[in-house]
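The following pair of complexes shares a single chain, chain A, combined with chain B in the former and chain C in the latter.
Showing the complex of A and B:
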């Protein structure tokens, strides 16, 4: 009975075709090709030669690859916690009616997101330069230090600086997402709470946060995926002492585009893919993330 | 309907095949024609016609193209500049996919070794290039020679380095700004360290003799044995001396801790605070001279060893339809005419020793006042060992430097450098045996 009502007109397919064609050619094609490359030895000249699982064996014994995973995770944690905290706090504050010029603040906090990560990386590298950086000059001027600090020669400081770049760039974006979530919460819920005599804190914990859950989950998952792919900003800041700020994708870049070992570079890419997939699955396992909406 | 489409596909396929073979015969005819011209009397520049496609990462090649067009009025040269380090990838992609490959492509000396021994690079010796590089500076010539001994790539310049020193600071802290006297004072690294300690003491630490310990590495790196021989990592014992000098320079407060080409380094080069900088001859673009404030500001002194930094080479694509015209371009950039012009226009050092000799008594550069800098550079440049371009020597040197610089920064010893360096080589180059 319903069967006849389905519109079999193929025009719909034509409309979605451009996306799928470009995805197959520019998205899926390279993904499959790099999967093939990960089983080969290829320096860019002649033809790739098939080497079976040799690259994957190499990857599993590659201490630098595992170190780069650790670095990436550390940098990600250092950036994500303050980033989401600041974003949520700012969103809650800017959502209040009594704040004047809220839209101006929205724009100001969003500005860092417009700057390319490369620029931010260069900017931070210059700011934290050992001899000529503005941070050291400032600290010297106020008398906080007598000798300049070699920021980027310290394993943890350099990681914190890279995390700082990411935080600075992304908190504004997350703030906007949170604001959108806040604005979607029906106003009568707050009014009801007010009538019942709930305090500001209670409304935030009992109404705002639970209703923000979908938005929080969205932010968390996109931050996991994005945060584990960091590349441009740390590339500008450098590998750090003892490769402490070498991220997974920087490692891939060095293999594929510095040493032109495309086969192994592709293998690292698939290694990184597995790491990111695992991290995403772990995110889903966090209590509450998969919880169904209560009736 | 199906049959019709099969027929159509077949027709298309045949058409493509025919077009391919048609091209082939055209090519052979074309080259026969041209080689006839080559064997016969030399063609005049006006007789050359056509369009040349050149790919480069270096903007000045456009000037080169313009000069060539002036001399060869019936030729048009299209120079495509791809700045940045993605040039190599772009070139590789073009060559691999056999699409839009230029007639001539530039190669940077650092990675040139990978390219010039490939089949797609034309053998320039077969076209008579040995003659062109006869009078070349030995190291410049040798870098462009392939493993089979034929010339595969040619540069139009040499890139010698030397100490650029601030004349006023040298006068104040070294007691002289005379290039010969300054050269004598910095002829060994031990002398430099002693002198540097004195400068730091005299200026209360405000002025340093050199900018960074990296200058030791930059000026000495061409003198060691190649890293990889018979697929085994060879560590020249001389590297330890290089490391010890680097370390001592830092410990004795001789350097200003300003990394090569960093922002602070550029300031010191222009404003002072550091007396001397080991710079390649092409580093002039780092000096601001809008209203002539840099005229006569520097002197040029010899570094303890002659060295070079960088170098752009030009190779011809084997499958080019314009090979003869491309070779004509190579001939042009290897000529005295272009290299003299280039020296006068840009201050880039020539590759021909004859140009060095002819201009030795006369050439001066605004930054160096009336100092005859070609003589200094020539002495430096002739000292540089002539070795062939390799696939990864440059990158492995960089790994050594990374390990060494980190150890100097953290006060570690040479054993730490070696173990870190060996780990990096093992990791990046699994085919190289590391003991």
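Showing the complex of A and C:
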């Protein structure tokens, strides 16, 4: 009775009010305003003028927009597959009891994750510079190549390098998430398996992977949403030959803040949002994802 | 468990078999160890290369692979800081990040606690709305955000970089769970019987109980804010007010053939992070893993 009386009073609203004021002003407001602006022509100097669906018609006929979707998906796939494989392998190995200096390995592999993406982007651009980069110098020094490779002028090599930055940045974080998941698995399950004479491999397939599945699925879903928004690091590496490493958000940035076509920029933002939403739904449709998420 | 295993083995296997098995395990473990050390070396190599290369003259950088420190660091450094106020940018970033993190933590904890402890009308609906925004890509509203900030006369100020930290959906979700698990309703009731006001109860009972989780979320918020790039780049015009990531990006374009200066810029953005991480890596990694479990 007493509890109910207290809980019905309006204090709860005071507690959440600052959050929602900020949320409406800086979050939801701009999102809805952007939706309006996506139907206007606005160059930043004039007042936005309503143009109906003209921007959206332009978007559907814009080859660069579709190319940026393709680039983003290709870079994402090139980065996510090795990233999760390496993270899971390292997590499984570092979870073994016999590893000494475990904390040092955690720290080294996690370190790239706290470096600013801009810095990592410039780092990779410098390392793969065809005239002065350390990668070409290294390959020349060991005699693997005689002429420097023009990495960032090749459609696929430049995409792989952008994917490489994303992988380098994130594998350590995913490794820690997987390690946290592994530590949450009760020890007695492994002890029971050991007594039953199960091999390491059998234990991994039958116990570890099924119990890790929710963690793996969570990682996959967040990586879809995050990975399709990549911007900072690819911007530092450049657009590549024929815009082959231009990502969706880079395309948005260039339309709005380089070409001052803000109305169309807002349209690209909504186009990118639809792509990310579809990709997220598809991830949920992968057999087993939804079922295991609920469990 | 090791004893039990040994006992079981000796009953079914001969002495020679055990020795062979032990030797094989040792070989496998040594190989895994060596591979881990190589992987850690590869992970650190780019950072090592940046530091070494930053201390050489441009002519040397273009000529050969550099493995040992040179003596041109201060030449490169002086050319860089004459043009780009990189330390000022460092302080600007530090200021924005610290204020944003404190504000973000306080208000997220406040509203998470509000959602957890008060059954006001619309509680679950509003909470679901907050969760839904977590799926929305961050850049969706950027054009509207830019125009609203402009209309409010806050361009080229830190307000639009700091204030949105108050409404971080991920942090709110995190702190609601924390409040659910660590703040017992009974303690709040006893505070009320003593006649304390609701906000005082939050400050004296709720917040201290939630304190360990503040560190966990604080690390995520700090890293996220420190790395922010698109927002300061489009909202801040004054080089003197600009943040470190934007200045690093501008170094890339302003010094496009002066590689030595670019390398120094990278080193300046890495070294302080490296020092902080070397001191606090145990706490940071522990908190990241704790955060991963709560997700």
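Assume the second predicted complex is superposed on the first by the 285 of 295 C-alpha atoms of A that agree within 3 Å, B and C clash if a C-alpha of one lies under 4 Å from a C-alpha of the other, contacts with A are read in each partner's own complex, and residues count from 1 in each chain.
Just so it is clear, a contact is a pair of C-beta atoms (placed from the backbone, for glycine too) under 8 Å apart; a residue touches a chain by one contact, two chains touch by 3 or more.
Quick caveat: nothing in here was measured; it's all calculated off a predicted structure.
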Combined model on chain A: chain C and chain B, fit or clash: clash
First (chain B), second (chain C), both or neither touched by A:57: neither
Touched partner set for A:43, first chain B, second chain C, both or neither: first
First, second, both or neither for A:242, with chain B first and chain C second: first
Which superposed partner A:126 touches (first chain B, second chain C, both, neither): both
First (chain B), second (chain C), both or neither touched by A:231: second
Partner with the higher number of touched chain A residues, chain C or chain B: C
First, second, both or neither for A:259, with chain B first and chain C second: first
Chain C clash site on chain B (candidates 7-15, 25-33, 43-51 or 79-87): 79-87
Shared chain A contacts, counted only where both chain B and chain C touch the same residue: 126, 129, 131-132, 257
Partner chain B, residues of chain A touching it in the complex: 43-45, 58, 62-64, 126, 129-132, 150, 153, 239, 241-242, 254-255, 257-261
Footprint of chain A on chain C - complex, ascending: 1, 4-5, 29, 32-33, 36, 39-40, 43-44, 46-47, 49-50, 53, 61-62, 64-66, 107-108, 110-111, 113-115, 117-120, 123, 126, 130, 133, 135-148, 160, 163-164, 166-167, 169, 172, 185, 189, 192, 198-199, 202, 223, 226-227, 229-230, 233-234, 244-246, 248-249, 251-252, 259, 262-263, 265-266, 269-270, 273-274, 277, 281-282, 284-285, 288-290, 292-293, 295
Residue ranges of chain A in contact with chain C within the complex: 2-3, 6-8, 10-16, 18-23, 25-38, 42, 90, 93-94, 96, 98-99, 103-112, 114-119, 122-127, 129, 131-132, 134, 137-138, 140-141, 168, 172-173, 176-177, 179-181, 183-184, 191, 194-195, 218, 225, 228-229, 231-232, 235-236, 249, 252-253, 256-257, 262, 265-266, 269-270, 272-273, 276-277, 280
Residues of chain B touching chain A in the complex: 85-86, 88-89, 92, 95-96, 114, 118, 256-258, 262-264, 267, 392, 395, 402, 406, 409-410, 420, 423, 427-430
